[in-house]
Amino acid sequence: MNLDPLHLCLLLSAALFCAGLAGVLSRSGAIFALLGIELMLNAANLNFAAFWRHGQAAAPDPILFVLFSIAVAAAEAAVGLALVIAFYRHRRTSRLPAASRLKG
Amino acid sequence: MLGSGILKGLLVTARNFVGSFHDRERLPTVQYPEERAPVGEAFRTFPFLVSDCPADADASARLAGLRGVACQICERNCPPRCIHIEKSKDKKPDAAGKPQLYPAVFEIDISVCMGCQICVEVCPFDSIKMDKVFEIAVPRRSPELLLDRDRLSKPNAYYRRIRPSEAAAVDAARAAEQAAAKARADAAAKAAAARQAAAATPPAA
Amino acid sequence: MPVTLETFPLALRDWLCAFLPQEFHWLLSGLLVIIAILTVFGLGFAFITVAERKFLGRFQNRIGPNRVGPFGLLQPFADAVKALTKEDIVPATADKLPHFLAPCVIVSGALLCFAVLPYGRHLVPADLDAGLLYFFAAGAFTELAVFMAGWSSHNKFSLLAGIRALAQLVSYELPLLLATLPAVMAARSLNLQTIVGSQSPAAGLKAGFLPNWHLFSPWGAAGFLIFLIAAIAESNRSPFDLPEGESEIIAGHLTEYSGFKYALFFMGEYFGLIALSGFCATLFLGGWQAPYAALEVIPSWVWFGLKVAALIFTFIWIRATFLRLRMDQLMRFSWKFLLPLALINLGTAAFWLLTAHWQGAWWIALRWFAAAALVIAPYSILGRRLFRGLGARTYEYAPNN
Amino acid sequence: MIPPPLPVLAAIAAAALLTAALAMMLRNLIHSALLLVLTWVFVAFFYLWAGAPFLAFAQVVVYVGAISMVVLFAVLLTRRHDPAKPTRPASLARACSALAVSGGAFAVLAWAVLQWRPVPGNPPPAEPSVATLGAALAGPQLHALLITGVILTATLIGAALIASPVEKPDSSQ
């Protein structure tokens, strides 16, 4: 088995991504799902840094991409949690199966 | 201008800060155990018993000189009932030479006393007065705060020292009273002597 | 490098390192820096607490602690013994691990901030390229610690107070960050050493006689004041001490802490205060720079210490003067006053930096006047809006003088 | 900058994975969130390892300072009785299928990663100074920066609007 640092980084990223995926799939809490998604986004960001580190990409572009990704993740978290709060105000719960009906 | 109130407030505290280093008015703290603020003449804490004895008299002389006659007026008038008096069986001559009872037991529980001064006001003999001692902290209430005759009695000189003007008035009144009593006694003695003389020498006429 | 007072700390480090073989020099010098920071700021914390109590006393016409040791200088050690020997109470239903970790997180977060501050011309523990961002990243742990403390106590009052404290910290983090940006624009760098370098007296004096510090420019003065106010709020000090409000809500999110854990929170807050003071001195007061080139005979780290001490004295002075705000006033003040001012201040700084090449007395006067107007006009307009409808209080049954 | 040795990376990876896995398994939502904060901190350590300190600090500022706060606030605002109330997996079958799916995904990804041979690239780049990043942001990537800024502003305003309480027109009924 080849323990190249790049491979190790990519494996770490894949493992984190799958951990997030398992979390999202197994729980029905909306906030928990958002946490899992954040973890998956982080795992994806790791890849950019890893490829940049090992000279597979042009100089500062991956870094900038990760910065934008972090910014978008912040926006996503804000909107997602605002939705959860608004949903909670209507239904007094934040569990996803309760959100199957669109009619308020 | 907006914010001027903030600057004014800062100025006030800054004046306090700087002033506290040179202006006694801005640092009125008294460092208590080392320094003491003077107490006023009318300041009072708990009662004590005045004794007509020399300033440096020993315990027995102080007890002998107590003015109290065990009349129990103070005991009856004490609102929290912290005075306990037992009368003596025998009598002793008082300052005017008249035989009087004296308190065989005189106790004040100053953990109960509220310092109201009623005992002082009702005393007809100027025997009980208010003290100025305030450092009385002790580890136990009893017996440390249950003062007996021994610890209550203090010489008249002490009274004159802690309350000069009041003591002078009391002393003058007592001196006048004793003089009057002496004069009465002298007059009575003279009259008695005259009567005796008259009886001894029947009127010639 | 000749050993002068200026390079004395470095010489001391090199002298100590010489006792070890070459391979361990990096380790030992790193450890020495850590030990130096812990010692200097640990003692600084101890003596700031006693100085605060003594100065507060003076501000309030009292003497303050003066019994333990000469002039009461050993008071902090007596306090430390008291805190250490007190019983450490943990609520039975508390979430034990976060409850234990919260004080550790707050102290370590505050200590991390010390790593990037430039203490002197040659004294900066970690000369990071993104030092300013690092400072805020290390500061982010404070909020986490406050939440952990409030939540893990399992006490509804602690939780509510923790939420209030978080709301305050988050609200004032923004003006704090925005107030620092003009200094970054002026230095064209996030590196704190470069920011200090941009305020060097060698570049000439401001307006002919003022030190070349950012404080003495319109945007710098405004930024300094915004930073100072936000820093007071970030370190939970009066008049923004509602999270703790010891006279009303028994220390808020710290209600369930006692003994040494409480002392650790206290310590973390003071470390944060010292770090913010050092940061503020770095950004606006020229860091370790002497105000005039002639005064550079005094070592740079002494200048830094003097500036931090002056700032901390100001914090104590403010604490001695003002009343605690109400929660709604606190929020309104941040979002409707400080935040717009800080944003406008960015524009002012941009104007100032773009007009740096203006020459001639009239043009320079115009530059100062325009920049000052850009600061004062929004201040007065926003201030009027903030205080609209408020006036001197009148009483129905008492005569108004 | 000398790239730190592989064991450091392995330690960071182990810590990040451990905290992430624990966070996804714990019943207590607040514990999960706090552990996930730790994962994000380890990811920041990874960026430090990779030689991108600016990215690491940005990660800490945004994730520890902002996103974790929003998450924790949301947890506290949407709890009915007790935030420590466990959020169970919907069912055992669901948990198993989730594990199976993610395990399968991981197997596929790992196989792909291990199959892939990196093309010999450029030598490891020098640590980009903040100035380089700033120049790139203000130059070639300016559009991206502006778009991100607009997206952030719009979403934050939208989030505030969504989350603010709805004023009921007639609260009398």
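Residue numbering begins at 1 within each chain, and the chains themselves are lettered A, B, C and D in the order written.
Methods note: contacts are C-beta pairs under 8 Å (C-beta built on N, C-alpha and C of every residue); 3 or more make two chains touch, one makes a residue touch a chain.
Predicted, not measured: the structure shown is a model, and the values here were computed from it.
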Contact-pair count is greater, between C-D and A-D, for A-D
List the centre-to-centre spacing of subunit A and subunit D in whole Å, with centres computed as mean CA coordinates. 5
Just how far, in Å, is the C-alpha centre of subunit D from the one of subunit C? 29
Taking each chain's centre as the mean of its CA atoms, how far is subunit B from subunit C in angstrom? 61
Between subunit A and subunit C, what is the gap in Å from one C-alpha centre to the other? 34
Touching two or more other chains in subunit D are residues 54, 58, 73
Based on which chains are in contact, what kind of graph results: line, ring, star, complete or other? line
In contact (per the touch rule at the top): chain pairs: A-D, B-C, C-D
Quick check: in the complex, which residue numbers of subunit B touch subunit C? 1-3, 6, 9-10, 12-14, 16-17, 20-21, 26-29, 31
Partner subunit D, residues of subunit C touching it in the complex: 95, 98, 128-130, 133-134, 136-141, 143-144, 147-148, 151, 159, 163, 166, 170, 173, 188-191
The residues of subunit D that touch subunit C in their complex are 30-31, 34, 37, 44, 53-54, 56-58, 60-61, 64-65, 68-69, 72-73, 76, 83-84, 127, 129-131
Taking the complex as given, what residues does subunit C use to touch subunit B? 55, 58-63, 317-318, 320-322, 379-380, 383-384, 387
Considering only the defined contacts, which subunit D positions touch subunit A in the complex? 3, 6, 9-10, 13, 16-17, 20-21, 23-24, 29, 32-33, 36, 39-40, 43, 46-47, 50-52, 54-55, 58-59, 62-63, 66-67, 70-71, 73-75, 77-78, 80, 87, 89-90, 94-95, 97-99, 101-103, 105-106, 109-110, 113-114, 118-119, 121-125, 128, 132-133, 136-137, 141, 144-145, 148, 151-152, 155-156, 158-160, 162-163, 165-166
